[in-house]
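Both complexes shown next keep subunit A, but they swap its partner, so subunit B is in the first and subunit C is in the second.
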Partner chain A sequence: MAMSTLLVSLVATSVVMYFISKASWKIGAILNFLIGIFLISYVFALSTGTTSELGTLFGQKLQLIWTNASYYFSLVSLLVIVSVMLFAIKWLDSQKYPAAFNMFLLMMTAGSLGVFMAADLITLYIFWEIAVLSSMLIVPMGKKESRKAAVVYAVMSASGTYMYLYGAFLAFQRYGTLNISEIAKHMVSDPSTGIKATIFLLLASAGIAKSGIFPLHTWLRIAHGNAPDAFSAVLSGQLVKLGSYVLMVSVAALPSLKIFSNIPFYSGIPATNYFLIALGATSIIIGTLMAIKQDDMKMLIAFSSVANGGYILIGIGTMDPIGFEGGVLHVFNHALAAAVIFMAFASVVYRTHTKKISELGGLIHKMPITFLAYLFAIISLAGIPPMSGFISKWMIYQALVRKGMFITAFIAFFGSIGSFLYVFRPLAGVFLGQLPKKYKDVKEVSPIMWLPMVILVTISLIIGIWPFPILKPIEGMRMDFGIAPTMKIADSSHWLIKGFAGNWNPVLVFNLFLIGFVIAYILYTLFPRPKKVDLLAPHKKEGAPINIYTGGEFIYNPDLYQYNTKFYAGFERMYEKHPSWEKLLEMLAKFFYDLGEWVHGWFFRPSPSAYTFWVTLTILIVFWVRW
Partner chain B sequence: MVAAYKALFNLVLGFFLVLSLEGVGRKITARVQRRIGPPWYQNFIDVFKALSKHPFSNGWVFDFGVLMALGGAMATAMIVPMGSTTWTPFPNSDNFFVIMYLFAVGALGMAMGMVGSGNPWASIGVSRALTQMLGYELPYLIVISSTIFYYKTASIHKLVELQKNGWNLLVMPLGGIIAFISLMGMLGKKPFDISTAPAEIASGPMTELSGKYLGLLHIMHVFAMFVEVSLFVDVFLGGGNLGWYLVKFIVVWVLAVLISSVLPRFRIEQMLKFYWGVPLGLAFLNALFVLLGWTL
Partner chain C sequence: MISLLIAIPLLLAFISIIWRSLSKPLFFLASFTNIVILITSWFPNGVEIHAMGNWKPPFGINLVFDNASFYAALVVNAFFLLTSLLPGLVGNYGIPLMLLMAAANGFVLTGDLFNSFVFMEIITITAVTIASKKENFYNAFKYLILGGIAGSIYLLATIFAYASTGSLNMAHVSMAGISSSSLVAITTLYAIGLGVEAKLFPLNGWVSGVYGGNDLAPVILGTSVSFAALYMVGRLFGTVFHGNGAEVLYTLALITIVIGEVAALRQRNLLKTFAYSSVAQAGVVVAMLSKGTGTAMGLAYFHLTNDAVAKFVIFLVAGFLVYNYKNLNGVFKKHKVLGASFSIASFSLVGFPLFAGFQSKLRIIMEAFSMKDYLFPSVMLLATLIEVGYVVRWNVKLWFEEETQEKAETPVIASTLALILALVLITVFIKPDIFLGGAMKMGNALADTKDYIQGVLSVVKGGM
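After this line comes the complex of A and B, so read on.
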């Protein structure tokens, strides 16, 4: 099947899916999942270099091309989406609008695949809007606050998209083409740095808005925090990666090192890229600090997405071979980790109906599989071996240290250690500790819900031990973009990953950990068997005290003996009075609102007809002067 | 196969070396404070006694956390080079960042297991330990980054080889001092023993430990300290044969113990303000010197 046929029929199917789901949402969800499986097989079968044509719009051909980048990003997206589709087969019974959810999820899939396949800027834009709008319509299906969340999401996304569109038109006006590879050629030979930098930044701003980079990061917290729980997994794991893709297109597909070779800023990195890196670094700081103090677990991970978007941008922005690979690999790692984490949270909310860390605790006794999935996902998110998250962080550090970018490296280290802090909070507050009395009858979620989490975590673990299958398309991508094509980073014959400053062998590291674990286990079995302490004793018998150390006191209510409110109070206190970007935006919004009120009060209310007259006149004058 | 024997030797040496040095440290602290102190082998007695007693277990994640902690610490101890290429078990994987993050597996395992015990004091201890990590790691990582930038390698045994003509401590004395201050925080020595603080939070993470759990986590702590001090010796104090390495190791240890024996404990935000003040500033200054080529 040609790519264009696939995309068009996917969009059409999504509408059909609505009516099928109206009859029975369960059948719709299962069909969605099967379509997802088919798409994965389709993605595997497609060979790079395949082109296809979608049609003509205003004399411009809408072209599709299948590259290494399309393969990689589509695969990552589909892994996340298909897992959520499987998850949704059971989870949707807690939702109000399952039919619309099924339809928009499929439509969003089509849009995302179209973005990755697009060969020119306008095709990219069209599919981008399909993906954004359909996802925007899923967001308000959550709780009451999510209506507002959808508006914020739409506005932020639009501000990025329109800048992108403006950039695309600017490029078209100057170079007469919209095809990305041709624009790249023209831009390399274009003498005017100002225009090139404008196009570059305008195109990148769509990515900045979408992947939640400062200053357009505020929607992430609101949208991810309030969207339907399972859809947050798609938002953070997949949709945000559309932004990373556009950033990659504007930094790497348009070879920024060559285009801006006349404005080097530091260590061979052009000023334009450095600007993006600075934004990424700011996002890491904001994301990490804000994530540490969140009480809402979904918002916590939403802020962590801001920080991880920063890592991706920094990695790609350096355009260093190893940094670029690290940034792109981080897309995969963060997608999987964030998807599993949000699905785990969705399972928790599905059972307990709350997302406040301070109201939860001890769920490990009731939901051990969800706990394990979350545990392995945060190991990956925090970048600890043997999970795959470590590999990309290692690569990004290598690039930063090699370039001597100590301040950026410092921020990256801060984000990494900070991530230990914030991923541990839900672990301690939600899954470990004392189980509150009201959740004593909570059960593990059904296998349909935990299976996708387990699958994704297993993939992440396998890639962490044997990363070469996923590094292959990334290396292909690097060759396509011509970033140091002679350098080889993944050496699968020697099981090594090579950096500029030394190698390491992921298989060996995993085996060492395994050996250490086995020795520890042998030691453990050698010594006397433990007596079990029943942590659930107060739940089983009314009036039974807690079994653990309480300083000699008797405590009968486990809810009182759980430390999960303001977990890092000592640290949080240090930046309580931080300036807030969100507040600033709110002030701006209020200013415009008041301005509107003023116009309304002074001109519209006294005489609507005069108001209409003046508005018409102003528009006519503007049109006449041609501003 | 040779690599496996070397790795095993790392474990054996690390265990006996650090456990006896801990005893020596207790003796030194006692003498500084004009007490007599326990014999140098007291910690062996402590560990074996703990291991032989009947323990209590607070659930499977408690057991799993202890195993993960000990396993992670052992894995890291197996990779760490000891002062020369001859005593480097895995020359292909002794990358600094690999060691640093593999080390975190053990720390995470311990944190998870202890919070899994269900005791809030353990949670508070872990919260403090992680905050402290944020404090000492940042100056340390900046110093190590500038070292890697200077020598163009992150492989520890190569760093050791490249110091043949002069110790890194003499090349960048500022960096060496900062790294030593960070080392004090890593080892959890006073004034940085905030996370265990027996008088405040009932030994923090260790609150619920009994019998073999206490023993196994003590062994984990031994390997962790072995890794931390070894990294400092390798990166800043050059190479040499195993004997020299042991001498340097002991000197660094005794110095840390001497400093800690006369200091009281920081509060958590005092610790952060301390590390993010002068040490972090000097670490950046050191990085600037390296960038400008102003090294000795």
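After this line comes the complex of A and C, so read on.
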């Protein structure tokens, strides 16, 4: 099937899916999942270089092309989407709009694939908008706050999108083509740096808005935090990667090193790229610090997505061979980790109906599989071996050190350590600690819900041990974009990833970890088990001993001593009174409201005599100007 | 033949004064006949005129039938036909609607400046009558005053034109050499006079009150009458005055776009929100018209057609909702067909792909860029950004908020009509030529002054 046929029929099928799901949402969800499986096989079967044509729009051909980048990004997206589709087969019974969810999820899949296949800027825009529109209509299916979230999401995404559109037409007006590779050629030979930089930044803004890079990052907290729980996995794991893709297009597919070779800023990196790297670094700081202080577990990971978007942008922005590969690999790692984490949270919310960390605790014994999935996902997210998350961060650090970018490197390390803090907060608050009384009957979710999490975590672990299958298309991408094409980084015959300061052997590391784990397990079995203390015993039985106390006082009300409220209070106090970017953007929105109020008051509300006055005044002014 | 377009509704309007109960079927008959007449004379591809009383132009009054006036008349009458299918909406207003239809057709077809003033006055008076439905008297009064002022300024401009050329015939005026200072006076006054009906800032104070005051006024005034008024902007500034005064229109249009969108953003009333949105869209159309080339004007009318179809659906649905529910939260859960049509129409308004608005908006931006105008696209995209804000807000509110009330009866015809038009919007996205072909012919006809003059002044056809 040609790519164009596939995309068009997917959009059409999604509408049919609504009516199927209206009859039975379960059948709809299963069909969605099967379509997803088919799409994965389709993606595997397609060979790079295949082109397809979608039609013509105002004399411009809408073209699709299958490249290494399309393969890689489509595969990552589909892994996340298909997992959520499987998850949804059971999870949807807790939702109010299952039919519309199925429809828009499928439509969004079509839109996302279209973005990755697009060979020109307008095709990219069309599918981009389809993906945004359909995802924007899923967001308000959540709780009450999600209504506002949808509006914020739509507006912030649109602000980036329309800047992109302006840039695309600016490029078209100057170079007479919309085809990305042809624009790249024209840009290299274009002498005007100002216009090139304008086009570059305008195109990149769509990616900045979508992947949650400062200053357009605030919608992530609101939208990812309030969207329907399982859909947050798609938002954070897949949709923000559309933004990373556009950033990659504007930095690498339009070869920024060549285009802006006349404005080097630092260590061979052009000023334009460095600007993006600075935004990425700011996102890491903001994302990390804000994630640490969230009590809402979904918002916490939403901010973590801001920080991780920063890593991806920094990696790609350096245009260093190893940094680029690290940034692109981080797309995969973060997609899988964020998807699993949000699905784990969705499972917790599915059972407990709350997403506040301070109201939860001790679910490890009730939901052990969810806990394990979450644990492995955060290990990957925090960048600890042997999970795959380590490899991409390691590669990014290599590039930063090699380029001598010490400030950025410092920020990246800071973000990494900060991520230990914030991923630990839900771990300790939700899964460890005391189990609140009301959750004593909570059960593990059904296999349909935990299976996708387990699959993704397993993939992430396998890639952590043997990353070469996923590094192959990334190396292919790097060759396509001409970033040091003679250099070889992934050396699968020696089981090595070659860095600048030393190599990384993932198999060896995994074996070391395995040995450590075995030793730890042996010690665990040799030493006595901890004793379980029932805090509530004194409440239940008169005269039962109170056998837990703190600060010299017995605890009569265990809920009060739940340590997951104000978890990092001491640390948070250090930046309690930070300036809020969200408020600043709210002020901007308020400005437009007030402008509307002012316009209304002056021109639209008044009496007929005032209207007459305005008419007269206009005549006078126009005459005065024209005479 | 073409004079029948004016004569039939006028005649039937007078007949229904005698048989009032027949006004609804007669209104349908009038609009249906008009559409049939127009279909039988599909795109004349030349200039045909109908000289009243066989006075050869430039003497006497003549009607001009070319691609431009044909397409405009087609759109105008199509919306009258659609309205006539909704008896609940028409109510007791069959007679003013027929008069409005006669006047709008006359306004579009006439080739005479004074005659166009007369038709404009009739449009204003009948439109005010329609605006006063549901006791919306004060807003109708505002409209009456503004419309009256606009009419007198339009008349003044016509007098100036007559004084400096000695003719009222548009073709004749356009070929006469007018001194530059009188041309400034004439075009300025026409810009202001038409600006009221074309909803240009700051002459559009009436719009929200009239469109937001009842269910009938926005449906017909926001579509047919808007189209007629904006047709005249293209005719006067494109054909007759060769783009003189275009910069005034351009400036006012850009301000109108921004003002309209911010006013729509703060608005909490559904009908008024989209009234302001139609102000902004009129700004987009006028800005494109002011460019004066055939392509630019054609795209402007393509955009206007898309906007009119979308607005018809939106106002139809919004009018039903506002007058049947006190609280609009989540009402679309009860009216899924209306809701889907409304959403499609509003997304088309924003210009999301899959819907007609995308085709016209992108083309307009592209055309503006190719004319090296970087300001207009940026204003338009900023406006679209604001538009996204309120369109999404309303859709989310109407679909997803908690519902509170009992279900009102679903209007079957209105739902069907809204759905069909919504599907038209999707079809236009796939095959833009449905609207684009006609609109481009219209734009080219408006830009081609030479053909117009030749057609009007040399060929005489018809007679009464």
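Assume the second predicted complex is superposed on the first by the 567 of 627 C-alpha atoms of A that agree within 3 Å, B and C clash if a C-alpha of one lies under 4 Å from a C-alpha of the other, contacts with A are read in each partner's own complex, and residues count from 1 in each chain.
Just so it is clear, contacts are C-beta pairs under 8 Å (C-beta built on N, C-alpha and C of every residue); 3 or more make two chains touch, one makes a residue touch a chain.
The model shown is predicted, which means the values in this text are computed figures rather than measured ones.
**Student:** Check whether subunit B or subunit C contacts more residues of subunit A in the superposed model.
**Tutor:** B
**Student:** Which partner does A:Ala158 reach: the first (subunit B), the second (subunit C), both, or neither?
**Tutor:** A:Ala158 sits against subunit C, while subunit B stays out of touch.
**Student:** A:Pro191 contacts which: subunit B (first), subunit C (second), both, neither?
**Tutor:** Touch partners of A:Pro191: none, neither subunit B nor subunit C.
**Student:** Would you sort A:Pro579 into first (subunit B), second (subunit C), both or neither based on which partner it touches?
**Tutor:** Neither: A:Pro579 stays clear of subunit B and subunit C.
**Student:** Return first, second, both or neither, reflecting whether A:Met136 touches subunit B, subunit C, both chains, or no partner chain.
**Tutor:** After superposing on A, A:Met136 lies in contact with subunit C but is clear of subunit B.
**Student:** Classify the contacts of A:Gly49 with the two partner chains as first (subunit B alone), second (subunit C alone), both, or neither.
**Tutor:** neither
**Student:** Going by the contact rule set out at the top, does A:Phe517 touch subunit B (first), subunit C (second), both, or neither?
**Tutor:** Once the two structures are laid over each other on A, A:Phe517 reaches subunit B alone.
**Student:** Report for A:Phe414: first if it touches subunit B alone, second if subunit C alone, otherwise both or neither.
**Tutor:** A:Phe414: touches subunit B, not subunit C.
**Student:** Which parts of subunit A are in contact with subunit B and also with subunit C?
**Tutor:** Touching subunit B and subunit C on subunit A: no residues.
**Student:** Subunit C touches which residues of subunit A in the complex?
**Tutor:** 11, 57-58, 122, 125-127, 129-130, 133, 136-137, 140-141, 146-147, 150-151, 154-155, 158-159, 162-163, 165-166, 169-170, 172-173, 589, 592-593, 595-597, 599-600, 603-604, 606-608, 610-612, 614-615, 617-619, 622-623, 626-627
**Student:** Considering the complex alone, what residue numbers of subunit C touch subunit A?
**Tutor:** 141-142, 145-146, 149-150, 153, 181, 184-185, 188-189, 191-192, 195-196, 201-208, 245, 248, 252, 259, 262-267, 347, 352-354, 358-359, 362-363, 365-366, 369-370, 372, 374, 377-378, 381-382, 384-386, 388-389, 392-393, 395-397, 399-401
**Student:** Can you tell me which positions in subunit B touch subunit A when the two form their complex?
**Tutor:** Contact set of subunit B toward subunit A: 7, 11, 51-61, 63, 66-68, 70-75, 78-79, 90, 92-98, 101-102, 104-105, 108, 111-112, 115-121, 123-124, 126-128, 130-131, 133-134, 137-138, 141-142, 145-146, 148-149, 152-155, 158, 202, 207-208, 211-213, 215-216, 219, 267-269, 272-273, 284, 287, 291.
**Student:** How about subunit A: which of its residues touch subunit B in the complex?
**Tutor:** Residue list for subunit A touching subunit B: 362, 364-365, 368, 371, 375, 379, 382-386, 390, 393-394, 397-398, 400-402, 404, 406-407, 409-410, 413-414, 417-418, 420-421, 424, 427-428, 432-434, 496, 499-505, 508-509, 512-521, 523-524, 527-533, 535, 546, 548-549, 551, 561-564, 567-568, 570-571, 573-574.
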